[in-house]
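Have a look at the structure below, then the notes.
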Amino acid sequence: MPIVKIDMIEGRTDEQKKNMVREVTEAIAKTADAKPETITIIINDLPKINIAKAGKSMAETA
Amino acid sequence: MPIVKIDMIEGRTDEQKKNMVREVTEAIAKTADAKPETITIIINDLPKINIAKAGKSMAETA
Amino acid sequence: MPIVKIDMIEGRTDEQKKNMVREVTEAIAKTADAKPETITIIINDLPKINIAKAGKSMAETA
Amino acid sequence: MPIVKIDMIEGRTDEQKKNMVREVTEAIAKTADAKPETITIIINDLPKINIAKAGKSMAETA
Amino acid sequence: MPIVKIDMIEGRTDEQKKNMVREVTEAIAKTADAKPETITIIINDLPKINIAKAGKSMAETA
Amino acid sequence: MPIVKIDMIEGRTDEQKKNMVREVTEAIAKTADAKPETITIIINDLPKINIAKAGKSMAETA
(Lines give C-alpha, C1' and ligand atoms only; values in the text may rest on other atoms or scores of the structure.)
Protein backbone atom coordinates (compact mmCIF):
# COMPACT_ATOMS: atom_id res chain seq x y z
CA MET A 1 0.00 0.00 0.00
CA PRO A 2 2.58 2.64 0.65
CA ILE A 3 2.28 5.06 -2.25
CA VAL A 4 5.27 7.35 -2.62
CA LYS A 5 5.22 10.50 -4.71
CA ILE A 6 8.56 12.19 -5.37
CA ASP A 7 8.52 15.71 -6.79
CA MET A 8 11.97 16.71 -8.03
CA ILE A 9 13.83 18.89 -10.51
CA GLU A 10 13.78 17.38 -14.00
CA GLY A 11 17.04 16.06 -15.45
CA ARG A 12 17.75 12.78 -13.63
CA THR A 13 18.74 9.96 -15.99
CA ASP A 14 16.67 6.81 -16.37
CA GLU A 15 19.49 4.97 -14.61
CA GLN A 16 19.29 7.30 -11.59
CA LYS A 17 15.51 6.85 -11.48
CA LYS A 18 15.78 3.04 -11.63
CA ASN A 19 18.32 3.03 -8.81
CA MET A 20 16.27 5.48 -6.75
CA VAL A 21 12.98 3.53 -6.95
CA ARG A 22 14.79 0.29 -6.08
CA GLU A 23 16.53 1.78 -3.04
CA VAL A 24 13.53 3.77 -1.79
CA THR A 25 11.39 0.60 -2.05
CA GLU A 26 13.98 -1.34 -0.04
CA ALA A 27 14.20 1.44 2.56
CA ILE A 28 10.43 1.49 3.09
CA ALA A 29 10.06 -2.31 3.04
CA LYS A 30 12.81 -2.62 5.66
CA THR A 31 11.60 0.10 8.04
CA ALA A 32 7.81 0.24 7.65
CA ASP A 33 7.04 -3.48 7.56
CA ALA A 34 5.62 -3.32 4.04
CA LYS A 35 6.02 -5.94 1.31
CA PRO A 36 7.97 -4.53 -1.69
CA GLU A 37 5.24 -5.62 -4.13
CA THR A 38 2.75 -3.39 -2.30
CA ILE A 39 4.91 -0.26 -2.70
CA THR A 40 4.19 2.11 -5.60
CA ILE A 41 6.46 5.05 -6.43
CA ILE A 42 5.59 7.96 -8.70
CA ILE A 43 8.17 10.49 -9.85
CA ASN A 44 7.08 13.96 -10.91
CA ASP A 45 9.75 15.84 -12.88
CA LEU A 46 9.56 19.62 -12.51
CA PRO A 47 11.24 22.42 -14.49
CA LYS A 48 13.15 24.86 -12.22
CA ILE A 49 10.69 27.66 -13.01
CA ASN A 50 7.98 25.57 -11.33
CA ILE A 51 9.76 25.24 -7.98
CA ALA A 52 10.27 28.07 -5.49
CA LYS A 53 12.02 28.36 -2.13
CA ALA A 54 11.69 31.48 0.06
CA GLY A 55 9.63 33.20 -2.63
CA LYS A 56 12.20 32.80 -5.39
CA SER A 57 11.85 30.43 -8.32
CA MET A 58 14.77 28.01 -8.67
CA ALA A 59 15.14 29.26 -12.23
CA GLU A 60 16.46 32.42 -10.56
CA THR A 61 18.56 30.82 -7.82
CA ALA A 62 19.87 27.40 -8.83
CA MET B 1 -15.79 20.11 -3.42
CA PRO B 2 -14.55 16.65 -4.13
CA ILE B 3 -11.22 17.13 -5.87
CA VAL B 4 -10.01 14.02 -7.66
CA LYS B 5 -6.42 13.58 -8.83
CA ILE B 6 -5.74 10.65 -11.16
CA ASP B 7 -2.11 9.68 -11.76
CA MET B 8 -1.82 7.26 -14.67
CA ILE B 9 0.48 6.07 -17.45
CA GLU B 10 0.54 8.52 -20.37
CA GLY B 11 -1.03 7.48 -23.68
CA ARG B 12 -4.80 7.63 -23.11
CA THR B 13 -6.64 9.39 -25.95
CA ASP B 14 -8.59 12.61 -25.44
CA GLU B 15 -11.73 10.56 -26.02
CA GLN B 16 -10.84 8.13 -23.22
CA LYS B 17 -10.12 11.05 -20.89
CA LYS B 18 -13.45 12.75 -21.71
CA ASN B 19 -15.34 9.51 -21.04
CA MET B 20 -13.38 8.86 -17.85
CA VAL B 21 -13.99 12.29 -16.28
CA ARG B 22 -17.69 12.09 -17.14
CA GLU B 23 -18.11 8.63 -15.61
CA VAL B 24 -15.96 9.29 -12.53
CA THR B 25 -17.97 12.48 -11.86
CA GLU B 26 -21.24 10.51 -12.15
CA ALA B 27 -19.89 7.77 -9.85
CA ILE B 28 -18.91 10.27 -7.14
CA ALA B 29 -22.06 12.36 -7.48
CA LYS B 30 -24.19 9.22 -7.14
CA THR B 31 -22.39 7.65 -4.17
CA ALA B 32 -20.96 10.57 -2.15
CA ASP B 33 -23.96 12.94 -2.28
CA ALA B 34 -21.98 15.62 -4.14
CA LYS B 35 -23.33 17.90 -6.88
CA PRO B 36 -21.52 17.27 -10.22
CA GLU B 37 -20.68 20.95 -10.60
CA THR B 38 -18.69 20.83 -7.36
CA ILE B 39 -16.47 17.96 -8.56
CA THR B 40 -13.05 18.76 -10.06
CA ILE B 41 -10.88 16.11 -11.67
CA ILE B 42 -7.19 16.47 -12.53
CA ILE B 43 -5.33 13.90 -14.65
CA ASN B 44 -1.58 13.56 -14.34
CA ASP B 45 0.00 11.67 -17.24
CA LEU B 46 3.20 9.82 -16.31
CA PRO B 47 5.89 8.23 -18.50
CA LYS B 48 6.54 4.57 -17.55
CA ILE B 49 10.02 5.42 -16.29
CA ASN B 50 8.39 7.58 -13.61
CA ILE B 51 6.26 4.81 -12.13
CA ALA B 52 7.59 1.88 -10.10
CA LYS B 53 6.00 -1.18 -8.50
CA ALA B 54 7.94 -3.48 -6.17
CA GLY B 55 11.11 -1.46 -6.77
CA LYS B 56 11.06 -1.82 -10.55
CA SER B 57 10.26 0.97 -12.95
CA MET B 58 7.39 0.15 -15.33
CA ALA B 59 9.76 1.02 -18.16
CA GLU B 60 11.44 -2.26 -17.24
CA THR B 61 8.38 -4.38 -16.57
CA ALA B 62 5.38 -3.23 -18.65
CA MET C 1 -1.60 1.70 -12.12
CA PRO C 2 -4.14 4.45 -12.02
CA ILE C 3 -3.81 5.98 -8.57
CA VAL C 4 -6.79 8.11 -7.60
CA LYS C 5 -6.69 10.59 -4.72
CA ILE C 6 -10.02 12.06 -3.63
CA ASP C 7 -9.94 15.08 -1.31
CA MET C 8 -13.38 15.74 0.15
CA ILE C 9 -15.23 17.19 3.14
CA GLU C 10 -15.21 14.79 6.09
CA GLY C 11 -18.47 13.15 7.15
CA ARG C 12 -19.22 10.51 4.50
CA THR C 13 -20.25 7.17 5.99
CA ASP C 14 -18.23 3.99 5.50
CA GLU C 15 -21.06 2.74 3.31
CA GLN C 16 -20.83 5.80 1.05
CA LYS C 17 -17.06 5.36 0.80
CA LYS C 18 -17.36 1.65 -0.09
CA ASN C 19 -19.91 2.44 -2.81
CA MET C 20 -17.81 5.33 -4.11
CA VAL C 21 -14.57 3.35 -4.46
CA ARG C 22 -16.41 0.51 -6.17
CA GLU C 23 -18.12 2.78 -8.68
CA VAL C 24 -15.08 4.99 -9.35
CA THR C 25 -12.99 1.85 -9.98
CA GLU C 26 -15.61 0.55 -12.44
CA ALA C 27 -15.78 3.94 -14.18
CA ILE C 28 -12.00 4.08 -14.69
CA ALA C 29 -11.68 0.41 -15.68
CA LYS C 30 -14.43 0.87 -18.27
CA THR C 31 -13.17 4.11 -19.82
CA ALA C 32 -9.38 4.09 -19.41
CA ASP C 33 -8.67 0.47 -20.34
CA ALA C 34 -7.25 -0.34 -16.90
CA LYS C 35 -7.69 -3.60 -14.99
CA PRO C 36 -9.62 -3.04 -11.71
CA GLU C 37 -6.91 -4.76 -9.67
CA THR C 38 -4.39 -2.16 -10.83
CA ILE C 39 -6.51 0.76 -9.57
CA THR C 40 -5.76 2.25 -6.14
CA ILE C 41 -8.00 4.88 -4.54
CA ILE C 42 -7.09 7.05 -1.58
CA ILE C 43 -9.65 9.22 0.22
CA ASN C 44 -8.52 12.25 2.17
CA ASP C 45 -11.18 13.55 4.58
CA LEU C 46 -10.95 17.30 5.25
CA PRO C 47 -12.59 19.48 7.92
CA LYS C 48 -14.45 22.46 6.42
CA ILE C 49 -11.97 24.90 7.93
CA ASN C 50 -9.29 23.32 5.74
CA ILE C 51 -11.05 23.93 2.44
CA ALA C 52 -11.53 27.34 0.80
CA LYS C 53 -13.27 28.57 -2.34
CA ALA C 54 -12.91 32.16 -3.61
CA GLY C 55 -10.82 33.03 -0.56
CA LYS C 56 -13.40 31.94 2.00
CA SER C 57 -13.08 28.87 4.19
CA MET C 58 -16.04 26.47 3.86
CA ALA C 59 -16.38 26.71 7.63
CA GLU C 60 -17.68 30.23 6.89
CA THR C 61 -19.79 29.48 3.84
CA ALA C 62 -21.15 25.91 3.88
CA MET D 1 7.82 23.79 6.28
CA PRO D 2 4.70 24.84 4.50
CA ILE D 3 4.78 23.02 1.17
CA VAL D 4 2.42 24.49 -1.40
CA LYS D 5 1.40 22.64 -4.55
CA ILE D 6 -0.45 24.67 -7.19
CA ASP D 7 -2.17 22.76 -10.00
CA MET D 8 -3.21 25.12 -12.80
CA ILE D 9 -3.86 25.34 -16.53
CA GLU D 10 -0.62 25.56 -18.51
CA GLY D 11 0.26 28.80 -20.27
CA ARG D 12 1.32 31.23 -17.53
CA THR D 13 4.52 33.12 -18.38
CA ASP D 14 7.70 32.76 -16.34
CA GLU D 15 7.12 36.33 -15.17
CA GLN D 16 3.63 35.47 -13.87
CA LYS D 17 5.05 32.41 -12.08
CA LYS D 18 7.85 34.45 -10.45
CA ASN D 19 5.36 37.03 -9.23
CA MET D 20 2.95 34.35 -8.02
CA VAL D 21 5.49 32.41 -5.95
CA ARG D 22 6.79 35.65 -4.40
CA GLU D 23 3.32 36.87 -3.42
CA VAL D 24 2.03 33.47 -2.23
CA THR D 25 5.14 33.09 -0.05
CA GLU D 26 4.55 36.55 1.45
CA ALA D 27 0.86 35.76 2.05
CA ILE D 28 1.67 32.55 3.92
CA ALA D 29 4.58 34.02 5.86
CA LYS D 30 2.38 36.92 6.98
CA THR D 31 -0.68 34.90 8.00
CA ALA D 32 0.61 31.48 9.10
CA ASP D 33 3.64 32.59 11.14
CA ALA D 34 6.09 30.77 8.87
CA LYS D 35 9.55 31.99 7.86
CA PRO D 36 9.76 32.61 4.06
CA GLU D 37 12.85 30.41 3.75
CA THR D 38 10.86 27.44 5.06
CA ILE D 39 8.16 27.78 2.38
CA THR D 40 8.41 25.62 -0.76
CA ILE D 41 6.06 26.08 -3.72
CA ILE D 42 5.58 23.63 -6.57
CA ILE D 43 3.62 24.51 -9.72
CA ASN D 44 2.07 21.77 -11.80
CA ASP D 45 1.07 22.94 -15.30
CA LEU D 46 -1.86 21.03 -16.77
CA PRO D 47 -3.23 20.85 -20.34
CA LYS D 48 -6.98 21.67 -20.50
CA ILE D 49 -7.79 18.09 -21.52
CA ASN D 50 -6.47 16.97 -18.13
CA ILE D 51 -8.81 19.13 -16.05
CA ALA D 52 -12.55 18.57 -15.67
CA LYS D 53 -15.34 20.41 -13.88
CA ALA D 54 -18.86 18.94 -13.57
CA GLY D 55 -17.84 15.95 -15.68
CA LYS D 56 -16.65 17.99 -18.65
CA SER D 57 -13.04 18.42 -19.67
CA MET D 58 -11.95 22.07 -19.89
CA ALA D 59 -10.81 21.28 -23.43
CA GLU D 60 -14.53 21.17 -24.18
CA THR D 61 -15.68 24.10 -22.08
CA ALA D 62 -12.97 26.77 -21.74
CA MET E 1 -9.12 26.38 -11.72
CA PRO E 2 -5.99 26.88 -9.69
CA ILE E 3 -6.09 24.23 -6.99
CA VAL E 4 -3.71 24.91 -4.12
CA LYS E 5 -2.71 22.26 -1.60
CA ILE E 6 -0.85 23.46 1.49
CA ASP E 7 0.85 20.84 3.68
CA MET E 8 1.90 22.33 7.00
CA ILE E 9 2.54 21.55 10.65
CA GLU E 10 -0.70 21.23 12.62
CA GLY E 11 -1.54 23.88 15.20
CA ARG E 12 -2.55 26.98 13.24
CA THR E 13 -5.73 28.61 14.56
CA ASP E 14 -8.92 28.87 12.52
CA GLU E 15 -8.28 32.61 12.35
CA GLN E 16 -4.81 32.08 10.86
CA LYS E 17 -6.27 29.66 8.32
CA LYS E 18 -9.03 32.09 7.30
CA ASN E 19 -6.51 34.89 6.83
CA MET E 20 -4.14 32.61 4.93
CA VAL E 21 -6.70 31.33 2.41
CA ARG E 22 -7.95 34.89 1.80
CA GLU E 23 -4.46 36.28 1.20
CA VAL E 24 -3.21 33.33 -0.87
CA THR E 25 -6.33 33.59 -3.06
CA GLU E 26 -5.69 37.33 -3.58
CA ALA E 27 -2.02 36.68 -4.36
CA ILE E 28 -2.85 34.09 -7.04
CA ALA E 29 -5.76 36.08 -8.52
CA LYS E 30 -3.52 39.14 -8.82
CA THR E 31 -0.47 37.44 -10.34
CA ALA E 32 -1.81 34.47 -12.32
CA ASP E 33 -4.80 36.14 -13.99
CA ALA E 34 -7.29 33.79 -12.28
CA LYS E 35 -10.74 34.74 -10.96
CA PRO E 36 -10.94 34.30 -7.14
CA GLU E 37 -14.06 32.14 -7.43
CA THR E 38 -12.11 29.61 -9.52
CA ILE E 39 -9.41 29.17 -6.84
CA THR E 40 -9.69 26.25 -4.41
CA ILE E 41 -7.34 25.85 -1.44
CA ILE E 42 -6.90 22.71 0.63
CA ILE E 43 -4.93 22.68 3.89
CA ASN E 44 -3.41 19.45 5.15
CA ASP E 45 -2.41 19.61 8.83
CA LEU E 46 0.51 17.32 9.73
CA PRO E 47 1.86 16.19 13.09
CA LYS E 48 5.61 16.88 13.47
CA ILE E 49 6.39 13.16 13.48
CA ASN E 50 5.05 13.01 9.92
CA ILE E 51 7.42 15.62 8.50
CA ALA E 52 11.16 15.14 7.98
CA LYS E 53 13.97 17.36 6.74
CA ALA E 54 17.47 16.00 6.03
CA GLY E 55 16.41 12.56 7.26
CA LYS E 56 15.25 13.73 10.68
CA SER E 57 11.63 13.89 11.76
CA MET E 58 10.59 17.36 12.97
CA ALA E 59 9.43 15.66 16.17
CA GLU E 60 13.16 15.30 16.85
CA THR E 61 14.35 18.68 15.64
CA ALA E 62 11.66 21.38 16.02
CA MET F 1 14.44 19.90 -3.38
CA PRO F 2 13.15 16.40 -3.65
CA ILE F 3 9.83 16.43 -1.84
CA VAL F 4 8.57 12.96 -0.95
CA LYS F 5 4.98 12.26 0.06
CA ILE F 6 4.26 8.82 1.50
CA ASP F 7 0.61 7.78 1.81
CA MET F 8 0.29 4.67 3.97
CA ILE F 9 -2.04 2.80 6.33
CA GLU F 10 -2.08 4.36 9.79
CA GLY F 11 -0.51 2.45 12.68
CA ARG F 12 3.26 2.71 12.19
CA THR F 13 5.12 3.60 15.38
CA ASP F 14 7.12 6.81 15.77
CA GLU F 15 10.23 4.64 15.75
CA GLN F 16 9.30 3.07 12.41
CA LYS F 17 8.63 6.53 10.97
CA LYS F 18 11.96 7.90 12.19
CA ASN F 19 13.81 4.95 10.67
CA MET F 20 11.86 5.21 7.43
CA VAL F 21 12.52 8.92 6.85
CA ARG F 22 16.22 8.44 7.62
CA GLU F 23 16.61 5.52 5.22
CA VAL F 24 14.47 7.01 2.43
CA THR F 25 16.50 10.24 2.65
CA GLU F 26 19.75 8.24 2.38
CA ALA F 27 18.38 6.24 -0.57
CA ILE F 28 17.43 9.39 -2.50
CA ALA F 29 20.61 11.28 -1.61
CA LYS F 30 22.71 8.32 -2.80
CA THR F 31 20.89 7.65 -6.07
CA ALA F 32 19.49 11.00 -7.22
CA ASP F 33 22.49 13.21 -6.48
CA ALA F 34 20.56 15.31 -3.95
CA LYS F 35 21.91 16.75 -0.70
CA PRO F 36 20.11 15.26 2.35
CA GLU F 37 19.31 18.71 3.73
CA THR F 38 17.33 19.49 0.57
CA ILE F 39 15.08 16.43 0.97
CA THR F 40 11.68 16.84 2.64
CA ILE F 41 9.46 13.88 3.48
CA ILE F 42 5.78 14.03 4.39
CA ILE F 43 3.89 11.03 5.74
CA ASN F 44 0.14 10.83 5.35
CA ASP F 45 -1.47 8.24 7.64
CA LEU F 46 -4.70 6.75 6.26
CA PRO F 47 -7.42 4.66 7.92
CA LYS F 48 -8.12 1.41 6.02
CA ILE F 49 -11.60 2.60 5.04
CA ASN F 50 -9.92 5.39 3.05
CA ILE F 51 -7.83 3.09 0.86
CA ALA F 52 -9.19 0.85 -1.88
CA LYS F 53 -7.65 -1.68 -4.26
CA ALA F 54 -9.62 -3.24 -7.14
CA GLY F 55 -12.75 -1.43 -5.99
CA LYS F 56 -12.72 -2.80 -2.46
CA SER F 57 -11.88 -0.76 0.62
CA MET F 58 -9.02 -2.23 2.68
CA ALA F 59 -11.40 -2.13 5.65
CA GLU F 60 -13.12 -5.02 3.86
CA THR F 61 -10.08 -6.92 2.66
CA ALA F 62 -7.06 -6.40 4.97
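The chains carry the letters A, B, C, D, E and F, assigned in the order they are written, with residues numbered from 1 in each.
In the analysis below, a contact is a pair of C-beta atoms (placed from the backbone, for glycine too) under 8 Å apart; a residue touches a chain by one contact, two chains touch by 3 or more.
What you see is a predicted model; the values in this text were computed from it and never measured.
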Set of chains whose contacts include both subunit D and subunit C: A, B, E, F
Whole-Å gap between the CA centroids of subunit A and subunit E: 21
Residue list for subunit D, restricted to those that touch at least two other chains: 1, 3, 5, 7, 17, 22, 26, 40, 42, 44, 51, 53
Pairwise touch network: line, ring, star, complete, or other: other
Pairwise chain contacts under the document criterion: A-B, A-C, A-D, A-F, B-C, B-D, B-E, C-E, C-F, D-E, D-F, E-F
Subunit B residues within the subunit C interface of the complex: 1-9, 12, 16-17, 19-20, 22-24, 26-28, 30-34, 51, 53, 58
Contact footprint of subunit D on subunit A as seen in their complex: 7, 44, 46, 49-57, 59-60
Subunit E - residues contacting subunit B, complex: 1, 3, 40, 42
Footprint of subunit A on subunit D - complex, ascending: 5, 14, 17-18, 21-22, 25-26, 36-37, 39-45
